[in-house]
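Chain naming follows the written order as A, B and C, and within any one chain the residues start at number 1.
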Amino acid sequence: MRETPLSNCERDFLLKGIQEKKRLDGRQTYDYRNIKISFGTDYGCCTVTLGKTRVLAQVSCELVPPKDSRPTEGIMFFNLELSPMASPGFQSNRQSELLVTLNRQLERCLRNSRCIDTESLCVISGEKVWQIRVDVHVLNHDGNLMDAASVAAISALCHFKRPEVAIQGRDVTVFSPEERDPVPLSVYHMPICVSFAFFQQGSYLLVDPCEKEELVMDGLLVLAMNKHREICSIQSSGGIMLLKDQVLRCSKIASVKVSEITELITKALENDRRARKEGGKFGFAESIAKERITVLTREEAPLDTTDIQATADGIISKADAPPEVVPSPVIVATGTGQVGEGLENTWGLEEDDEEEEMADVTERKTKEDEVMVLSDSEEEEVVILNQDGRSKRSQR
Amino acid sequence: MAGLELLSDQGYRLDGRKATELRKVQARMGVFAQADGSAYMEQGNTKALAVVYGPHEVRGSRSKSLHDRAVINCQYSMATFSTAERKRRPHGDRKSSEMSLHLKQTFEAAVLTQLYPRSQIDIYVKILQSDGGNYSACVNAATLALVDAGIPMRDYVCACTAGFVEDTPLADLCHAEESGGGTTLSLALLPRSENIALVQMDARLHQDHLPALMEAAMEACKGLSKVLDSVVRQHLQEVSVQTRE
Amino acid sequence: MELDINSPVLREFGSEQSLLSKPDGSATFMQGDTSVMVGVYGPAEVKVNKEIYDRATLEVLIQPKSGMPSVRERTREQCVRETCEAALLSTLHPRSSLTLVLQVVHDDGSLLACCLNAACMVLMDAGLPMSRLFCGVTCAIDAEGQIITDPTAQQEKESRALLTFAIDSKEHNVMMSSTKGSFSMKEMQQCIAVSQKASERIFQFYRDSVKRRYSKIL
């Protein structure tokens, strides 16, 4: 399936609007769309909605041997997938440019900035460390996948709790969540990506482009920062020509946005923590808006099973009797068994050949020392050449 | 790596350079006869080889050709012997794909592609020895190769890395300095118009240090552009001497 | 063997439709903690090597939350696809493709049934013509011989057999069955009867949600 291309008049309309500082959805140049963060029932599951863009992140962990170059550090593995649900142009198992860019940017933003303490993930140095795997699924593509993915990934990492381990010499016991409370990861800081879209050779820029704006943009500048005003990664793409003060201006805007988003994340984490502690309900089921007309829920209720017994008995009594028991296998010779009669083969071969073949089969199985006869065909001729040039012919 | 001082008290780095000094740059153009353009570039111990084919007809699927400009196709790969440990997968992994993409975008902005509609320009870059600044060496080598191929460009594209240690920006990092855990900023610049074609930075850096870091990188790029310019002029002189009767 | 079937319960369930803007139809279905989000594209262009001359080509993709899709997802995809193909009037859209993409948001038991319910909701949301609606019900037979409908993951682990049936809305026939474990013929018939009872509840839910959805228009 292919994505619907953007028509020329839509393109001109968007560009003209941007020149007049107007955006399609009425936002200002530096405004973000509405961000909603919700957590699931198990630790490490998070959904982020940025306007209409929706992203799901899940963190999982397992014990693996560490990398040779870093025996005392845990491993972080990131995997972003563009679900075919998100856009008609996305197909599973296709390495597109967008996928590579998003994956690499996510890795650089979260791994190279050392936001997670990997030393604490070591269990036995050189033998067993925790591998933290972050899977991000893009569910709906309405622009700015990078920001949504980074918010989802860092929220899921902050929400995640790994199982407790006990080390006795060389033995490692992993406790299940019921036996001992799981342990959260130690997160140093929260890097968040902010995307800037450039138009008309860098003369206009927009924060948080939506999908249509992304189709007409010249290039993208992604800045990852944390709330301590540290830049974690800068990446410009799309071949736009930037000036130094444009980059500096973007970093100032980004620091403001990042502090707002970090507040949102901490608030959402706090709400979730409170809900779990008080024993209230938590998870995605609680976060859907029940008053919308597209939503409907039903409470838990028992089923009426009064005449189940009668119905079932009725069906069984009306059913046909099961077929007769299959006869037990007949032993023809040691090593072979025969069940049933077998059909007549319709190839028109004589019966003697068939019996010969059967005998061959049994002989082959009992005499293991003899040379394997691979085929009874007399049509093949094998010529063995000796080193001194004489050739031996033999029937196979 | 504790104990390894990236910048000593006297202001000298690991290899004896000062903070803003570039490594020794050597370059040669016209290395391959059969390619349209080729160049070999050494920046300190990093050695890069770039080969350009084109402009020619679009190979493969016709749907990739653009009606108003040329398509630039880049492939970046590292030789298996280029790093200290043998490289298991020289190309096709995510890092190489990302580098290829960045190179493509850099040169799409710099080359005058409108002059060659429905054509394709191929740029192949290979790192023969990696000692930091892989991307920069590739960009510089590819610029020279494009000049050698005679493809018109807006300006030289010069790239350089810069780092930050103890409030001092360092220009042109080697591998030990890059992997030391400090900041690395890679910048590709068109020197005359001071337009930045690509900026890439990893690892944490406080926002206030960013202007100084970018300034150091831009100065380094401008210095490099002078070197590239002299290489091109020298090559031109050699070639014209040979063709002159 | 007689089974003890007093008070099997269906966990609380809920669904939301049209929550994604890009797909032609989208829905999410939650049964207790198990939650599945699904999107459908179609009828749309189909690749020449996959086209069928007189009907639409249906493709189902199930994506797990972590890890790569494996054989387990493929078998579930097969089950869902065959049920949908039996229910859809695919002859109305020849040489087209219908793509159903399911994303497992949380798995706490009865996953296949949840996928089937979500698939039916999304086909309704997209307005694709169907000859019948369908729903999925999972029954587990535990060690004491009790039938548990809509089991959680814990109950599934402790059960002796797990049966999932897809029931249609017109005649309450079984459209698809997927079972695991050992059970007698009688137990299976009782499970089918229980599933048919449960399916009535789910079909009523479908009707109510559609009525609610269009309550402002009608």
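Methods note: a contact is a pair of C-beta atoms (placed from the backbone, for glycine too) under 8 Å apart; a residue touches a chain by one contact, two chains touch by 3 or more.
Just so we're on the same page, UniProt names per chain: A = Exosome complex component RRP45; B = Exosome complex component RRP41; C = Exosome complex component RRP46.
In this text the structure is predicted, and so the values were computed from the model without any measurement.
Of all chains, the one whose CA centroid is most distant from that of chain B is C.
Counting C-beta pairs in contact, the chain pair with the largest number is A-C. Inter-chain spacing, taken between the CA centroids of chain B and chain C, is 54 Å. Measuring from the averaged C-alpha position of chain A to that of chain C gives a distance of 22 Å.
Here the CA centre of chain A is 34 Å from the CA centre of chain B. Remark: chain B residues 85, 94-95, 97-98, 101-102, 105-109, 185, 190, 193-208, 210-211, 214-215, 218 touch chain A in the complex. Chain A meets chain C in the complex at residues 1-2, 40-42, 45, 47, 52, 54, 56, 58, 60, 81, 83-88, 92, 133, 135, 137, 139-142, 283-285, 288, 292-305, 308-309, 311-313, 315-316, 319. By the touch criterion stated above, chain C contacts chain A in their complex at residues 2, 5-23, 26, 28, 30, 32-33, 35, 37-39, 41, 44-45, 61, 63, 65-67, 97, 99, 101, 103, 105-106, 108, 149, 185-186, 189-190, 192-194, 197-198, 201, 205, 208-209, 212-213, 215-216. Only residues 69, 95, 97, 100-101, 103-104, 107-108, 112-114, 219, 221, 225-226, 228-244, 247-248, 251-252, 255 of chain A touch chain B when the two sit together in their complex.
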